[in-house]
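One chain, chain A, links the two complexes that follow: it is found with chain B in the first and with chain C in the second.
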Partner chain A sequence: MIYFTIAFRNLLQAKRRTLLLGTAIGMVTFLQVLLQSVGNGYMENLEEGTTALTSGHVNVLGLYKMSHGKMTPFMRDGDKILELIKQSAPEKIEKVYLRNGGPGRLIGDFNSRVALVQGIDYDEEVGLQQTLVLAKESSYVEGGRDEAFGDISKVKEPNSIVLFSSQAKTLGVKVGDEIAYRAFSMVGINVTTMHVVAVVEDVGAISSFFTFMSRTTVAEAMNLSEDVSGNILVYLKDKYQSQEVMSKIRDTLTENGYSLTEYEGLSIVKRWGTVERQPWLGQKFDTVTWQDNVKDAEVIVKSIDALSFVLLTILSVIIGIGIINTCWISVQERSNEIGCIRAIGMSSRAVLGLFMLESLMLGVLFSTLGALLAWAVVLAVSHAEIPIHSQALSLVLFTNKLNLSLFWQDMVSAIVIFSTITGIAALFPALRASRIEPIQAINAAH
Partner chain B sequence: MINFSFLLLLVKLSWRSIWSHRIKSLVVGCIIFIGVYLLVVTDAMMSSINVSMEKSLTWSVTGHLQAYDSKARDKFTMLGMVGSLGAEPNVGRIENFAKVKEVLQSHPNVKHVIPMGTDYALVFRGNTIDKLVNTLREADKNHDEENFELARKKLTDVFDKLLIQQEYRVGIVRDQEKLKSEIKILKEVSENHFWENFSKDTENNLMFLETKLAPMVKDRDPMFLQFLATDVDRYAEAFPYFKLVQGEMIPEGARGLLVNQEQYDFVFKDRMARTFDSIENELLVKENGPIATNYEIQGWIKNVQVETQEWILDLGAIESNKIKQALQSYLKKEDSLENLFVEFLKLNDENFFERKDYFYQEIAPYIDLYPIHIGDMITLNKFGHGTSIRVRFYGTYTYPGLERSGFSGFYNLVDMTSFREMYGFVTPDKQKEIDAMKESAGIENFEGGISEDDLFGEGVSIVQDAPEDSYKAFEAIEDIQVVNIDERMKAQEAQRYTQAQIENGPSLSAAIILKDRSQLEQTIKDLNKLIAENELEIQLVDWQQAAGFVGQMVTVMRVVLYTFIVFVFAVATVIINNAMFMATMQRFTEIGTLRAIGAGRGVIMGMFLCESVLLSLISGFFGLLAAFVFINHLGSVGIVAPKPEVQFVFGGQRLYPHIMLDNIYLGLFVVFVVSVGATLYPAIYATRIPPVVAMNAKE
Partner chain C sequence: MRIKTLVLVMLSAVMVFSSAFLIAAEPMTQTQVDAIIKNLDSKTHFDGDYKAVALTHTINREKGETVQKIAIYRRDADDRLMLLFLQPKSDAGKGYLMIDKNFFSYEPSTGSWTRVSDERVGGSALNRSNFNGFEFTNRFDGKFVAYEKLGKFEVAHLTLTAKEGVDTDEAKVELWLETKDFNVLKQQDYALSGRLLRTTYRLNYQRLSDASGKEQLIPMKSIVKDEVEIGNETTMVLEQIDTQPLAENIFTKAWLESKSR
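On to the complex of A and B.
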C-alpha cells in the first residue's frame, strides 16, 4: 500500500508532466474506444437490418429450377417445411415465419425504383411488428406534418403496401396515395396498383431495397400457385446457436427426403450464379445463418480494424517513446531520492516496482478517463441521432443515421492495453533506476 | 535588428543544446520523423489516387464538367441507378443541346461540348424457335435435306427441354389452364408422327410451330447493357483515349452501337472461355501467385467444373460430338463428354497455358464465343419505361491504358438519334411520322403519341382524356406500320443525320472538355455567368460530383485518413511538449546564467525556438527523404489493386504513386507548426525564469 501512496505522490508532484503524458494516453484510448464503437455500430445496423427485415437468425430459402441455368426463389409445400423446421429444434426456436416475394419495380409520381418485395403474414410476424415504426410525414414529404400517419396492420388488406420513408421520398408518395407495382411474374410482367397504407422509418440503408405486402397480394401479382412461398425465417431464443439449429434443420429436411444445396457459409446472393449453373432441376433448399449474411460486410469492419490497428500502433510507439524519455529524465532527477530510499533498506526490486507502478497508475487513470470520455461521446451521438448526408458514407456504413455502439468489454480491453503499454514503456528506465546503488546516488547529488 | 552573427550564435547555441540533450533530441526527432513520413506518404498516395481517378474519369466519360437540367429533382450522376440504391434518378433533360453548346462553346477555355445520356437497356438474344423454323423453311425451299434434318434435330432438342421446363412450372404457376394446353402441344410435337407427317403440309406445320410454339420460349435471358448515348464522332474527337478495337466506326451520322471491349470480353463472352481468360489475367500479375497457391483461381476452377454439365447442355448435338473428339484425342481416353471436360478442366500451373491454347484452337471453333457479333442488328429495350430500337453493332472500343478503371469499362456507345427514340423524344424520323399522321388523319394537334408525361412521368400510363377524334390517329399509325418492317429497318439504317439534326434536340447532359484544366475554377465561374446571362436552364457539376458516390468515396477516404493524421500529430505535440518542458527544467541553471550575464528574454525565446526548428528541420528532412524513397519505390513497381473494386479507385490495375511538390510543402508546413507549437509554451516558461531563482535552483 505504501508503494501506491509513494507512486501517487510522485505523480502529483510532477503535475505538468503527469497531465501532459496523461492527455496523450487519454487521447489514444479515446480514439481506440471510439473506433471500436463505429465498428460495433456498423455491425449492429447490419444485423438488425438483415435479421429483422429479411432473414431471421436462420433462413431457409427455396430454390426452384425449371430449366438449366434458370433458378427462381420459390418453395413448394412451405407449410409442411415450416412444421418440419419447428420440430427440428423446438426448445431452441422462438418463432418461424413463412414469406414469399421477388424483385419488382415501384413506380411513383416522381420516380421509379427496384425493390425486393416481401410477402408477409402481418398478424404472425410479431418481431416485424416491433421493428417497423410509423415515420413522421415530414421525414418523407417536404413541408409535411410532424405527425405519423397510416396503419401498418392494413398491409393485410389486398393490394396494400408498406414503404420505408426513403422509398416514399424518392417515389414522391405519402400515406393514402397509389403507386404502380410491376412484378416480374412467372408469365411476364404484371402491373398492379397498390395503396400505400403506411410509411415506416428506415432500418439502415438496407431498407431501401425492401418493401412489404401481404403474402396473398404478392402471390397474385407474381401469378404464383397457392402453396408456393419463398423462404422461411427462423428466429431463435439465443441467436448465437444459429449454426447448431441450422444443422438440425438440414438434418431434418434431408431425413424427410428434401434435397439441400451444399452449405458454404455464404449468403445466396453471393452464390446465386454458381448454384444456378449446377446441374439439377426442381426443388432444393438453401440455408444460411444471420452471421453468413453479414459476413459480406465484414470487409468494412475488418478495414476499420486494420486502419485503427496501424494508427494505434503508431500512436503507441509515439507515446512509448515519450514515456521512456520522461521516466529516463525522472530517474536522473530522482537519483538522489532513490539513493536515499535504497540506503534506508528498500530493495532494488522494490524500486523497479515503484517506477513501473507509477507509470502503470498514470496509464490506468488516464486511459480510464479517455474511455469514459469516449463513452460519453457515444451516448451523446446516439442521443442526437445525427443523420448522414453523404451517400458514399451511408452506403459504406449501411445506415442513414450515425450509430455508435459500445460494449463495456471494449472499454476494459482498451484500458488494459494502454495501461500495459505505458507500464512496459517504463520498464527500461525503471530497470536503470533499480540498479542505482545507494552510495552512488548520494554521491551523485553532490 | 537581428544581425547575422547573432543568428549564427543562436544556431550554435541551439546545436550545442541539441547535442547535449541527445536523448531528448532523439525522442523529439523520432516523433517528428514518424509524423512527417506518415503525412507525406498518405498525402502522396491520396493525391496520386485523385490524379489517376480524375484521368480515368475525365478522359473516358465525364469530361471536366457536366451540364444538366437545373430543374432536375435528383443530383446528377453518371452512375444512374447503381449510384442511388436502386432508385432511378430523375435528372431532367437539356431541352435543346445545340443552344447549350453554342453558349458554352463561346467561352475561350471550352474545347468541346458533347451531348450525353446514360441509361440501361436490355438486349434479347432472339427467339431460338423462330430462328430454327426459318432455317427449316429455307432448307425446305432449297430441298436441302441435310440442313433440314439438322435444324429438325435442334428443334426437337429445344422442345424436349421446353417440355421439362413447363412440367416443372406446373408446380409454381397459378394459371394452370394455359400451361396445361402448352404441355399438350409440346407432347404432340415430340411424338414421331408429327415429323413423319410434316412434309404432307409443310407450310401449315411451319406456321403451327411459329404461332403455337415460338411464343412459349421467351427470348433467351436478356443481357443488361449500360449505354452512353452521344454524338459518337464528336465524342471520339473529344476523348483522345478512345480507340476502336474490332470492327469499324459507326458511319458518320448513322445509327449504331459500339460495345466496350472490356464488357465484350469479361461480361458477354462465353463463360468457359472467360474462365480461361480470367485465370490468364490473374497469372499475369506476379503478386497474385501461381495457381497452386491462389485460392481465387482454385475457386474458379472448381466452379467451372461443377458448371460443365449445364454448359454442355447449351451445345448442339454436332458441336458436342466435335468437342468430344477433340478432347478424346487430347486426353487420350474414351469417356462421356462431361467427364472428359471435367478432366480437361483440372488445370494447374504446368498444364494451364497448353490447355488454354488447345481450348481456343480446337474447342472454341464449335462454340458461340459471344452472344452478339459485330455486324448483328441488335434490339435495345430501354430498361424500365421506354421504347425498343434496333441498331447495328459496328465494333468494339477501348481506352488504352485506362481499360479497367473508373467508368471506362462501364459504358457502350449508342448514337444520339437512337437514344432519343428510346426515350421517346422527337427525332427527325418521328417528326416525319407525326407529320404524315397529321396529314392523313387531318388532325391539327395530335396528343396521343408523345407527351411529356409519357416520357418522364414514368407512366402509371393510363390513357386519359384522349381527344375525341384521336382514334383516327391510331388508325393512321396502323397504316404506317403495315409498310414492310424490313424495308423500314433498311431505310432507317441507311439514313444519315446531319450534324444539325444530331445536335438540335434533347440530351440528358452535356460533357464539357476544357483546353486548360488548371483554369477549372475560373471557368466554372465564367460559365455560370454565361448560363445566367443566356437564361439557360442548366447547372454545372465537376467530374468528381458527376462520378457520384465513387467520387465521394475518395473524399471520405481522405477525410478519414487526415483525421487520423491530425490525431497522430496532436498526440505527438503533447509528447514533444512534455519532452521540451523537461528539458527546460534541466536547463534552469544554464538559463539563469545566461540571463545573469545579460541575455534578454528574446534571446532565450529565440534560442528555444531555433533549437526546435533546427531539430524539426533535420528530422523532418529525414522523414521526407524516407517517404520520398518509399513512394518512388512504389512508383516504379506499382501497387497492385487487389480487387476489381479497387481498380476503380486506382484508375487501373496498378497505382503508380509519386510525390508532388504540394505533398512536400504540406509536410514541411506541418512540421514547422507542430514543432513551434510544442516549444512555444516551454520557451515562454523559460523566459519567465528570473536569473536568481534559476541559479539557485538545484534541479
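On to the complex of A and C.
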C-alpha cells in the first residue's frame, strides 16, 4: 500500500508532467474507443438493415430450375416448409416469415431502376414495421415539405408499393404518384401500374436494391400461383446461434425429402451463377445466415479497424517515446531520492516496482478517463440523432443518422492496452533507476 | 413438306385475297381472321436462310441517342437467330443467339454468355420479335374488331388474345393490317396486367423470294415506341437482304466468339 501512496504522491508532485503525459494517453484511448464505436455502429446498422429488410437471421431461399441454365428464386409449398422450419428448433426460433418476390424494374416518368421486390405480409412482420420509417418529403423531392407523408401499412392494398427515399428521388416520384413495375417472372415479363403509398428513410446501400409490396400484389404481377413463394426469413431469440439453427433446418428439410444446395457460407447473390450452372432440375433450397450476408460489408469494418490500428500504433510509439523520455528525466531528477531510499534499505526490485507502478497508475487513470470521455461522446451522439446529409455517406454507413455503438469490452480492452503500453515504456528507465547504487546516486546528486 | 407448306400458303393467300373484296361491306368472319393470322406467320417465315443488316437509331430518355449496325442471320426452319453487332466500335462483337427458344447474349469483353429476356435487344426498344417472323398462330386467338382508318390507309383492326396455358410476354396484341395484302402496319402489345407495353409501326414492305421460291413480305422500316418508358424509341431500317444459304456454323456460340477474337 505504501508503494501506491509513494507512487501517487510522486505523480501529484510532478503535476505538469503528469498532466501532459496523461492527456496524451487519455486522448489516444479516447480515439481508439471512438473509432471502435464507429465500426460497431456500422456493423449494427448493417445487421439491422439486412436482417430486418431482406434475410432474417437465417434465410431459406427456394431455387427452381425448369431447364438447365435458368434458375428462378421460387419456392413451392412454402407454408409446409415454414411449418417444418418452425419445428426444427422451436426453442430457438422467435419468428418465421414467408416472402415472395424477384427482380424487377421500377419505371418513373423520367427514370427507371432495377430493384429486388419483396412481397411481404405487413401485419405479420413486426420487425420490418419498426425498421421502416416514413421519410420527410424534402428528402426525396426538390423543394419538398419538411413533413412525412404516406402510410406504410397501405402496402397491403392491391398494386401498392413502398419506396425508399433514394429510389423515389431517382424515379422522380412522391407519395400518391404512380410508377410502372416491370416484373421478370418465370413465364416472361409483366408490367403493372403501382401506387406509391409511402416513401421511407433509406437503410443504407441496401435501400437502393430492395422495395416492398404485398405478397398478393407480387404474385399477381409475377403471375405466380398461390403455392409459389420465394424465401423464408427466420428470426432467432439469439442471433449468434444462427449457424446451429441453420444446421437443424437443413437436417429437418433433408429428413423430409427436400434437396438443398451445398452450404458455402456465402450469400446466394455471389453464388447465383455457379448454382445456376449446376446440373440439377426442379426444386432446391439454399440456406444462409445473416453473417454470410454481411460478410462483404465486413471489409469496411476491417478497413476502419486497420486504419485505427495504424493510427494508434503511430500514436502509441510517440507516447511510448514520451514516457521513456519523461521517466528518464524523472530518474535523473530523482537520483538523490533514489539513493536515499536505497540507503535506508529499499531493494533495487522495489525501486523498479515503484517506477513501474507510477507509470501504470498514470496509464490506468488517464486511459480510463479517455475511455469514459469517449463513452460520454457516444451516448451524446446517439441521443442527439445527428442526421447524415450526404446521401453517399448514408448509403455506405447504412443509416440516415449517425450511429455509434460501444460495448464495455471495448472500453476495458482499450484501458488494458494503453496501460500496458505505458507500463512497458517505463520499463527501461525504471530498470536503470533500480540499478543505481546508493553511493553513486548521492554522489551524482551532489 | 415444302409442297405441303406451299399449298397451305397458297390456300391462305387465296382466302385472304378473296376476303379483301368483301371487306368494304361486311365484317370479317372468324375463318377469315384465322386465315389472315396464319398467313401472317407464313409470309414472315423463310423456308431457307435469311441474312440482312439492320441500322437502328435509338432514343433512350436516360442514355440519350445511339446508332447501331447489326447483322441478322435467321434460319426459321430450326428457330435459329443470330444477331452480331457491327457498329459502334464499343458494341462490335457483341451478339445474341437463340437456341431452343432460349435467348443468349454474348459480351466479348468478358467472354461471357448470359441468358436474357427477349426485350431491349442491345439496349434498344426492339425485342426479339422485331428480328424474327410473326409467331401468332400457336400463341394467340384472333378476333376481328373493325375496319378503321390509319392515316391514309384503310385498315382492319384485329385483337389477338393469348391462348390458355401459353407462356408469352404479351397477354394481348392489337393489329392494324392494310386491307390489300394484309400486312401489319401497326401493332400494340399489352401486358398481362392490361397495360400497353409498346407500339410498333411496320412500313415500306418489300417482296422477297426465299430459297424455295416462296414469296415473302418484309417491312424494311420498323418504328418501336416503348409505352412504359415513354420517350424510348427505336427506328430500324433493313438493308443488304440476302436469302442465300448460310454456313452451318453461324448459329453457334463458337462462331460469335470467333468474331471478336
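Here, the second predicted complex is superposed on the first by the 419 of 446 C-alpha atoms of A that agree within 3 Å, B and C clash if a C-alpha of one lies under 4 Å from a C-alpha of the other, contacts with A are read in each partner's own complex, and residues count from 1 in each chain.
As a working rule, contacts are C-beta pairs under 8 Å (C-beta built on N, C-alpha and C of every residue); 3 or more make two chains touch, one makes a residue touch a chain.
Since the structure is predicted, the reported quantities are computational estimates derived from the model, not experimental observations.
With the two structures aligned on chain A, chain B clashes with chain C. In the superposed pair of complexes, A:Ile338 makes contact with neither chain B nor chain C.
Comparing chain B with chain C, more residues of chain A are touched by B. In the superposition on chain A, contact is made by A:Gly69 with both chain B and chain C. Of the two partner chains placed by superposition, only chain C is touched by A:Ile189; chain B is not.
Contact with chain C, but none with chain B, is seen for A:Ala221 once the two complexes are overlaid on the shared chain. Once the two complexes are overlaid on the shared chain, A:Asp109 sits against chain B and chain C alike. After overlaying the two complexes on the shared chain, residue contacts for A:Ala180 are found with chain B and with chain C alike. Using the contact criterion defined above for the overlaid structures, shared-chain residue A:Gly282 touches chain B, although it does not reach chain C. In the superposition on chain A, no contact is made by A:Ile421 with either chain B or chain C. In the superposition on chain A, A:Leu236 makes contact with neither chain B nor chain C. Note on the chain A alignment: of 188-196, 260-268, 278-286 or 602-610, the part of chain B that runs into chain C is 260-268.
Where the contact sets of chain A with chain B and with chain C meet, they give residues 67, 69-70, 107, 109-112, 180, 187-188, 193, 220, 223.
Residue ranges on chain C touching chain A, taken from their complex, read 61-62, 102, 115, 117, 119, 167-169, 191-193, 195, 197, 228-230. Those residues of chain B whose C-beta lies close enough to touch chain A in the complex are 23-24, 27, 30-31, 34, 38, 73-74, 81, 83-90, 161, 164-166, 168-169, 171-176, 178, 218, 221, 271, 303, 306-307, 309-311, 313-314, 384-385, 457-460, 548-550, 552-553, 555-556, 560, 564, 567-568, 570-572, 574-575, 577-579, 581-582, 586, 699.
Within the complex formed with chain B, the chain A residues making contact are 16-17, 20-21, 23-24, 27-28, 31, 64-70, 72, 74, 76, 105, 107-115, 166-167, 170-171, 178-180, 186-188, 193, 205, 208-209, 219-220, 223-226, 228, 274, 277-279, 281-283, 307, 311, 314-315, 317-319, 321-322, 324-326, 328-329, 333, 390-393, 395-396. Listed in rising order, the residues of chain A touching chain C in the complex are 67, 69-70, 107, 109-112, 180, 182, 184, 187-193, 220-221, 223.
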